[in-house]
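Okay, got some structures for you below.
Shared chain: chain A. Partners: chain B in the first complex, chain C in the second.
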Partner chain A sequence: METPFWLWLIEGPFWLIAATIFVLGVGWRLVSLLALGRRRDLSVPRGSAAGGALRAILLHFIPHGGFFSSTTFHVLTGYLFHLALFALLLFAAPHVTFLEKNVLGFAWPAMPRWAFIVTAELAFAGLILLWARRISDPVQRQITDGGDHAQLWLTFAVMLTGCLALEEASLALRGLHMVMVELWLIYFPFSRLMHAFTWALSRGAMGATFGRRGVMP
Partner chain B sequence: MSATTAAAGAPAMGGARAKEQAKGGIAPAIEALKGKIDSTVAAQLEACIHCGQCAEACHFYLTSGDPRLTPRHKLVPLETVYRRHMAPFSGLARMFALAPADLTRADLEAWAELLYDSCTLCGRCTVVCPMGIDIASLVRLSRAALVAADLVPESMQAAADRAVAQGSPLITEEVMRRVCAAQEKETGIRVPIDKQGAEYMVALSAMEYLNFYEVIGALARIFKAAGIDWTIASKGFEATNIGYQMGSDAIARTLVSRIVDAAHDLGVKYVVSPECGHAYTALNWEGPNMVGRPFDFEVVHILELLDRLVREGRIRLAPDETRRVTYHDPCQISRRGGVIEEPRHLLRALGANFVEMKRHGVANICCGGGGGVSAVTRAEERRIAAFACKKAQIDELGGIEGLVTACANCRNVLEEAIDAWDMELPVLGLTELVAEHLVDEAPAEEAGAPAGAA
Partner chain C sequence: MDKHRRWLPSLAALGISARAGLAAMALLLASPLVGPSLGPGAWLGKALGPGGAAWAQVAAPGNRLGTAPPPARLWRDIRRGRAGAPSGTAIGTGVLVQSEGQRWRELHNRRVRPYGGWALLGSLGAVALFFALRGRVRLDGPRTGRRMARFTQAERVVHWYVAGLFVLLAVSGLTLMFGRGLLLPVMGKSAYGALASAMLQGHNLFGPLFIAGILVMAALFLKDNLPQKGDLLWIAKGGPWMRSHAPSWKYNIAEKAWYWLAVVAGLVLSASGLVMEFPWVFRDISWIQLANLSHGIAALAIMAVALGHIYLGTIGVEGALEGMTTGSVEEAWAFQHHEMWARETAAGSAGARGGTEAESEGARPGAARAGHAAAE
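Take a look at the complex of A and B:
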């Protein structure tokens, strides 16, 4: 089947533009963040800053200090959503093909259709639970802003259109999914979606400070 | 014109000028925050996913259920300034009216209660935060805006003014000399003041001189037994640093410089940081950064020193403490200072029936009055209420006969709260406990010249 012009536009130039904005935007944001510099710490270290940074990066993947019982919902829904999302991103058959054709030039085994459906359901469940808590928990309502909702709904739209486009039966649905992905990529560097990169910087900076003090909160 | 005057004058003026004036009023606060934002602060503000888990760690939220006391929410002024003025793309965001509205004096007035009364800078929220955000540090930095806007709580400002004027927020040099002389008399051991060339200089906290002065006699006995040559400096006798707590760089530097200069003038090798949480952070971890150069002496925490003396056999302790005790970790010494095992070694050396609270060490729960909160009179009710978290920990253990700690401020706050909650529980200072169990104490020498004449 010949690719219609509008789909060519979406998957060709628009994709390139979105991907470029994503890469340059993320790069610019990270570089300007690091360019703010960090004051040299003149205190006498008791331990290693680098070791502390690494420890904090690893340690904060799972709750410690006895907090699992009070954060079980956050932890489980958070991991459920993120792990399922990454699995879909990397192993959904159309993604493997798309990445091979447009980005990487090589492929790897994709997940079977049944696994896609289960994983997608898990990802939706995770996202919906995270959203439900965001709108119902007084603490989260207090600290939630428009950006949190925007990125959540945009991600939801990407996932939903992705599921609709799975059969690749309709070019329109495939195009719609691509448009949502492109919007998501363009929005990414300007939003809190950047936490996908800043998590390591934040944990690392804290870990470096306390690593020098020989302790790890 | 101070920020207060500017804001007070604004309503009387017309339109643009009033706006301009109001902007002038808030400008120093905004500049103060801008000056605090480096890559660490930025990365931490950027990484927050607004998940709210930090609330689960904060004794102020846990005991009130008030979502405004969520640790992350306390950072709104800092975040506003970052996102409006300093974040990547903030120019673009301002151009398209997507940046948050600029900080106002009303915002700061509303946040003074959150930043000064409702955060002990305990850092427990960092433990639970999936992004490892050091909220305590960011709260402390945020206080700089309140300093710039003249919004420091009155009682705290008064304590700072006294510290600058008389060398301590609670006492004068003369009182210090009197207390030391009384302890000399009590113990029969000399308490040297301004001894040139002593190896160790001890700075104590105001609360110790005023309320827990037996610690001075305890130190005299321990140091005598260990053969340690020590002194207190009349120019740097106070270890606490209210400037550090209130977020005033200028006052913090002035206060820490007194210790640094006194240590330099006396030519000591070590400065002993006492049983005081923030004094240790302010001197050891932040002191060199405040004065802009490494120290020409070593800072040693009293718990590290005592532990070392026991391990090296320079003092021997009778392991005959029979009481069932638990240890309250002062946040700045344990979680934020890294001195966690030393007090436990000491307690075991005393033979105490020592039991740990369920959350201890890095995960300990604050006394409720750290970070300057105990200096904020209007926060008293909140502080006492926050003790419920600590009380639950102690009650859970059951049969505790002594609550040992190593911070005079914790000790005072805990004693007040224990009283307010109608509990019976002695709060014990670890240094004093160590002195009580000394064996092979050398016979008391005749106290020499009066304190201060060394």
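Take a look at the complex of A and C:
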């Protein structure tokens, strides 16, 4: 199929602009976070800050200390959604091709079609369950703001348009998916989607404080 | 507010846009009755009604190759569905003309589709009429500030999971059912082709997720939707029409009917959907035809009634949505709409706590104050 001009625009210049905003924005935010530094602590350390940071980063993948029962739903649906999303992002055949052509220059084995579909189902189930919880838990309702809804719906739009293009028979649908991806990339550095990068920093900072005091994070 | 205004026909109290909306709806519904070539109803009628664009005519095989007509015996065999030996088909058999397919198409295009379409419009009209006549059912008195737990977190999550998927499936399903007649002439072939492909992919993907949801929902909500003594009292006292507060248990009989319709239609949709999604499991095509028809009927029934459910859950009844969003309802709402349940709950929590507070999961700070008026 010959690429029409609008699709070229979406997959060419617009893609470059979005990717640039994403990379520069994320870099800027990470650098500025790190540049904040830590307040000098004059007390005598009772343990290793680095060890504490590492321990927090790893241990907090699973809630512990009696928190599991109260967060079971969140842990399960959170992992369901994120793992499925990463699997889709990295191993769906059209994504592998796209990354090879537009970003990396090399490819790896993609998952079979049936696994692609099942993974998409799981990712949607996770996201919809997380949304259902967000709108129906009194506490979560209190702490949810417009940004949370915006990033949730934008992510949903990316996934939805992707699933609508599953037949891979329409350039318009492929273009639509691509536009949503680009909007998502542009919004990313300005939103809490940044948690994809900052989670390690915040866990690490907290773990370092605890570790230095000789407390298990 | 004046008591009578609330349920007497009070068009005057409606805003200008609401009135215009109602008028447009009435016009739309009535226009095919008035004259075949009048108004938007005629366009709808043309698209949906017999002979309309919504059901494509497929000609019987006519333009065969060759000059001589095939022998009558060959035609007879073909029409009777005798299997031949085709040079190659991926799925299916060597049956050339599957005559039952015509019956299926007849039913699908002349019955399910047009009647379903009118049922949906009729339901919209009924909701609009109910709103015009009865208005929003407001809380009778001032809020007490006390909350009553109504739905657990699990019930709320499952409800919104099912509802979310339901909307996605309804939009994509309606596009597939009516798009060819209503959208294709407007959008053109290639745009509609892309849209239909998108909706089919989405519909197929979301279907299985809905199945999981409706099964869990059926189990979670079963207990309070079984028949109870006193259910009929609600109808006898005029249900939603009267201002006498027909008493009911946790769900009144109309809500129970909605539960059973949602569950039964949901199961029919699930089973028939699976048959259509995995056609090679059921080699006999009549299964697939049956699945297709029952899928359409169940879908249109559940959608038509869902319009009423959604209306009552949002604008229709003040204070109802809180239950599904926060888990608890205003105590005054509970006594006004579900008196028997409210009494039982109040008595239960008073007994359990040795006090008189209405217990609440999602209570506002300071909401569960003392002085609960369980006996009114």
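Of note:
We adopt the following convention: the second predicted complex is superposed on the first by the 216 of 217 C-alpha atoms of A that agree within 3 Å, B and C clash if a C-alpha of one lies under 4 Å from a C-alpha of the other, contacts with A are read in each partner's own complex, and residues count from 1 in each chain.
Definition applied: a residue touches a chain if its C-beta (ideal position, glycine included) is under 8 Å from a C-beta of that chain, and two chains touch if they have at least 3 such contacts.
Small disclaimer: the values here were computed from a predicted structure and weren't measured.
By the touch criterion defined above, A:128 lies against chain C but remains apart from chain B after alignment on the C-alpha atoms of chain A.
When the shared chain is aligned, chain B and chain C each come close enough to touch A:141. Touch criterion not met for A:72: it reaches neither chain B nor chain C.
Once chain A of one complex is fitted onto chain A of the other, the partner contacts of A:202 are limited to chain B, with no touch recorded for chain C. In the superposition on chain A, A:167 makes contact with chain C only, while chain B stays out of contact range.
Contact with chain C, but none with chain B, is seen for A:120 once the two complexes are overlaid on the shared chain.
By the touch criterion defined above, A:33 lies against chain B but remains apart from chain C after alignment on the C-alpha atoms of chain A.
For chain A, the partner that touches more of its residues is B, with chain B and chain C as the two candidates.
On chain A, the surface touched by chain B in one complex and the surface touched by chain C in the other have residues 137-138, 141 in common.
Interface of chain B with chain A (complex): residues 37-44, 46-53, 55-57, 61, 67-68, 70, 72-73, 86, 88-89, 93, 123-124, 126-134, 137, 284-289, 292-295, 298-299, 334-338, 340, 358-359, 362-363.
If you check the complex, the residues on chain A that touch chain C are 73, 117, 120-121, 124-125, 128-129, 131-133, 135-138, 141, 160, 163-167, 169-170, 172-173. Residues 153, 156-161, 164-165, 191, 193-194, 197-202, 205-206, 208-209, 212, 324-327, 361-362 of chain C are the ones that touch chain A when the two sit in their complex. Residue ranges of chain A in contact with chain B, taken from their complex: 28-29, 32-39, 41-44, 46-47, 56-57, 60, 63-67, 70-71, 74, 78, 134, 137-145, 148, 189-190, 192, 194-195, 198-199, 201-203, 205-207, 209-210, 213-217.
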